[in-house]
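Paired with chain B in one complex and with chain C in the other, chain A is shared by the two complexes that follow.
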Partner chain A sequence: MAKTSVWSDNRFWQRSAAWITGFSAVLLIWLTFDTAGQISMGTDADLQNGVTKRVPGPTVINYKISYEMSTARGHEVPVIGEKEKFFGRDDWSEEEAGALLHLGKLGSQVKNCMNCHTLLGNGAYYAPDLTKAWLDPAWQNDGTMQAMTGKDTKEEAMAEFLQHPSTYPTHARMMPDLGITAEEAKGIVAFLKHMSSIDTNGFPRNFGKIKGAVHGK
Partner chain B sequence: MASNHLTGIGSESKQLATWYFTFAAIIFGAQLLFGLVAAIQYVMPGFLFELLDFSVARMLHINALVVWMVFAMFGSVYWLLPDETGIETIGIKVGKLLYWVFVAAIVVVILVYLFIQVGPADETSIWFIHEGREYIEAPRWADIGIVVVALGFVANLFLTGTTGNRSGIVTVLMADMIAFAGLYLAGMFFTDNISVDQYWWWWVIHLWVEATWEVFVGAIAAYGLITMIGAHRKVVEMWLWIEVAMLFGSGILGIGHHYFWIGTPEYWWEIGALFSALEPLPLVAMFIHVLYDWGKTQGGQDATGVEVSVINNKPAFTWFVLNAFGNFLGAGIWGFFHTLPQVNLYTHGTQFTSAHGHLAFFGAYATILIGMMYIAVQGTNGIKVMKHTKSSLWAVSMIVGGVMGMTIALTVAGYVQVLVSRAQMGATWAGYFDGQSGMWFAQAMDWRLLMGAITFLGFLFLVKDLLSTGKNPVHER
Partner chain C sequence: MFEPFTDIVPSFFGWLNQGPLTLTIFLHTFIILPMIWIYKQEKARLEKES
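Right after this comes the complex of A and B.
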């Protein structure tokens, strides 16, 4: 047999494949540790001390959230402002807010939100993205959705809609009744408010620039 | 003429493979039916409202997709193991038992999706109804069952691979299938933190479809080239190792393109952009590889002066070539369209993703798995040279035409969403519905439904052909 080149040697390519795969996997695991630290949920103390977390603690529901252009980062970021009442209270404790968020996150999965809507842009495309739904102009005080439910606050309007979606048709394509109870609706609204406070690197771009949510303090 | 594979007669492993293929084909049909329901709902929103809502139809559509592909993948491995290792699959009795466990679990899950649909917001629903996480909605009890079945399958593969002749193809499959099964564990927990949730959820989805499944396809394509055109094993296996290096080298860190906007740090922009830009390269390589080997073996045959095709299974080889091209087009091109963060900021969460999803799952996976079904039909019927029939040609044309049509329609719909809902209207509720009611969007959805119906007709031809072609006298025996 003639002298064979390493380039046509199966063992060489097998070893190369193993090394490249191993190296990529180790790099991914290392980056995962770094990312896991950066996306762990913040605490109530963080919020009180003004520590910015990419994913704030559940008590973020006690504060006003807006989505504003950051010139330093070149895109919008969620800004946590002054206290704001959520279902009539702005003193939800860490346990209470945590329980509400837990119920809401469970609800978001069990009610299968993701197979019509997108959450953080992932899911199905049959209904609007929910990433910043809490900041949507339609749900604000002079917004169409809030007006339709006849409620005085955004959170009550959203909770009412979630419980009786097919009585408030907004489009030929309606949301079905998913048997969401009053308590579950409250949890899901808390989950949505919390999600709007997550730093998504400027996604979605120009959200609500039509009117309202941007510079909405 | 390549005929260096055993026929399927008498091998229990191959018999089990045909069971897997049969159930896969049934679930493939279910996938298309529920896809049609969802497509009709885009055009007629009142269709089955509060009976079988879009969320349920779509969950069934994408879960059936994953399930039939996993079944056909297991079937493919059980089919090729005796050929590659030279021995009967070890632990085949357990394999057969686990098959029935798997089938029973899937049937129960589908019935629960269909008839219970939704429960109260508590852990019980997560355990017994569904988990509400796209693609891996299966309830927790079924997750555990799937892991048990997958471990049994991996054990069969390892015992057979280490006892018999462990070829390069078997070695790749062993490494790949253990990663495939292990990654599923990353999707089996609940967290209140949606960013953490989606971080690990992508470990399952991305590292399946853009890494381990792609490597699986590389191994199956290698097996197909050896059995169908008699390609040289050493050349094929060398290509396979190069493909593994390229696929894992780009695909593992390519996961970064899912971490642009879910709360994860900015450095994923650069990592995701770089590695996912490399992801099409192995797909180009796989395409060239299939055509090169085909040309090389056919050229060798022609040089002998006897003009005869080297392909011993025309329909299967057609699907394998479609796989080589479809993988490149659907996963490579349609994926690269929207993978850079500057573009993805506007396309993320639009019908662009859906267009890519349809063509990529079809091009990269459905094609080659259908090809494996034809190889099984050839083997179980002792056919030396299998030819196209009218039905097999109608099936290929209608399915390929239908899926391409759906993809183009969804791409147009995606453009409308990007321009109207995103760029112009800033992604709000009102912006979303402005985009949806645009003329181009509405017409795209009409076309998608029509093309979906054509795909389904093509599927009926495919089933008819798979069931009848084995006895057709046109084949050489």
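Right after this comes the complex of A and C.
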């Protein structure tokens, strides 16, 4: 009797392929729903009650955001701290903050920020990664950008820069003037502040090694 | 080899992604082991038919 070979048998491969395809399909559908839960935005109540969400609610713009090294997780994690004024107010309601973020998100899309910058891992590396731009020490009180734009706060300096980027020599690759209005700039800054509060599992890597990025150290 | 689960939101997929071994063991369990089982079934069937 000739030795039977399972490897050259069609049914073995058909059944194996059906099993792997079916199993992977179930896994991917489950992953989709799991991801939807992970990236759903928190609420104002979550922020007030200290419920940790990967993506905090829009009213996170009322709070100070900093970065802290987590030894357990092996990377920096965003820390939502005490109240902090954003464009002179720390009482942005959920609707107002949401509308501002929405405007900023649309603004970032219509001006095609990703053509040069990276947002949450999407985009280009022609210009700096904006995922944690809000925490960049250059924009803080003793940073260069506030002095350059003649503004006293981080958000005002950012908004001023966004409206007239080509006025301020920042980089060999100068940002072009994109015709961003004052209101759009405000929205984009809110969008950037909110984005910096998203727990990205430490992305971008080594951000904390920038001097001043973690708690001003 | 196995590291403590530290993700912010507990999730099966977070657990799966804690290290390379967790994923390897998972995929071997759910893909390779059933294939061995299918192999044995098909071998028995072919031997019976021949």
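Methods note: the second predicted complex is superposed on the first by the 194 of 217 C-alpha atoms of A that agree within 3 Å, B and C clash if a C-alpha of one lies under 4 Å from a C-alpha of the other, contacts with A are read in each partner's own complex, and residues count from 1 in each chain.
FYI, contacts are C-beta pairs under 8 Å (C-beta built on N, C-alpha and C of every residue); 3 or more make two chains touch, one makes a residue touch a chain.
What you see is a predicted model, and the numbers here were worked out from it, not measured in a lab.
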item: Of chain C and chain B, partner touching more chain A residues; value: B
item: Touched partner set for A:D199, first chain B, second chain C, both or neither; value: both
item: First, second, both or neither for A:M148, with chain B first and chain C second; value: neither
item: Partner chain in contact with A:I20 - chain B first, chain C second, else both or neither; value: both
item: Which superposed partner A:T52 touches (first chain B, second chain C, both, neither); value: second
item: Contacts of A:D34 with chain B and chain C, given as first, second, both or neither; value: both
item: Contacts of A:M69 with chain B and chain C, given as first, second, both or neither; value: neither
item: Touching partner for A:V6 - first (chain B), second (chain C), both, neither; value: second
item: Touching partner for A:I80 - first (chain B), second (chain C), both, neither; value: neither
item: Common interface residues of chain A - those touching chain B in one complex and chain C in the other; value: 16, 20, 31, 34-35, 38, 54, 199, 201
item: Residue numbers on chain B that touch chain A, as the complex places them; value: 38, 41-42, 45-46, 49-50, 53-56, 58-59, 117-123, 125-126, 129-134, 137, 168, 171, 190-199, 234, 237-238, 241-242, 244-245, 248-249, 252-253, 255, 258-269, 271, 345-346, 348-351, 353-354, 417, 422-423, 425-433, 436
item: Complex interface listing, chain A residues touching chain B; value: 8, 10, 13-14, 16-17, 20-21, 24-25, 27-28, 31-32, 34-36, 38-41, 54-55, 58, 98, 101-116, 118-129, 131-133, 136-139, 144-145, 166, 170-174, 176-181, 184, 187-188, 191, 195, 198-210
item: For the chain C and chain A complex, residues of the former touching the latter; value: 4, 6-9, 11-13, 30-31, 34-35, 38-39, 42-43, 45-47, 50
item: For the chain A and chain C complex, residues of the former touching the latter; value: 1-2, 4, 6, 9, 11-12, 15-16, 19-20, 23, 30-31, 34-35, 37-38, 52-54, 70, 72-74, 77, 199, 201
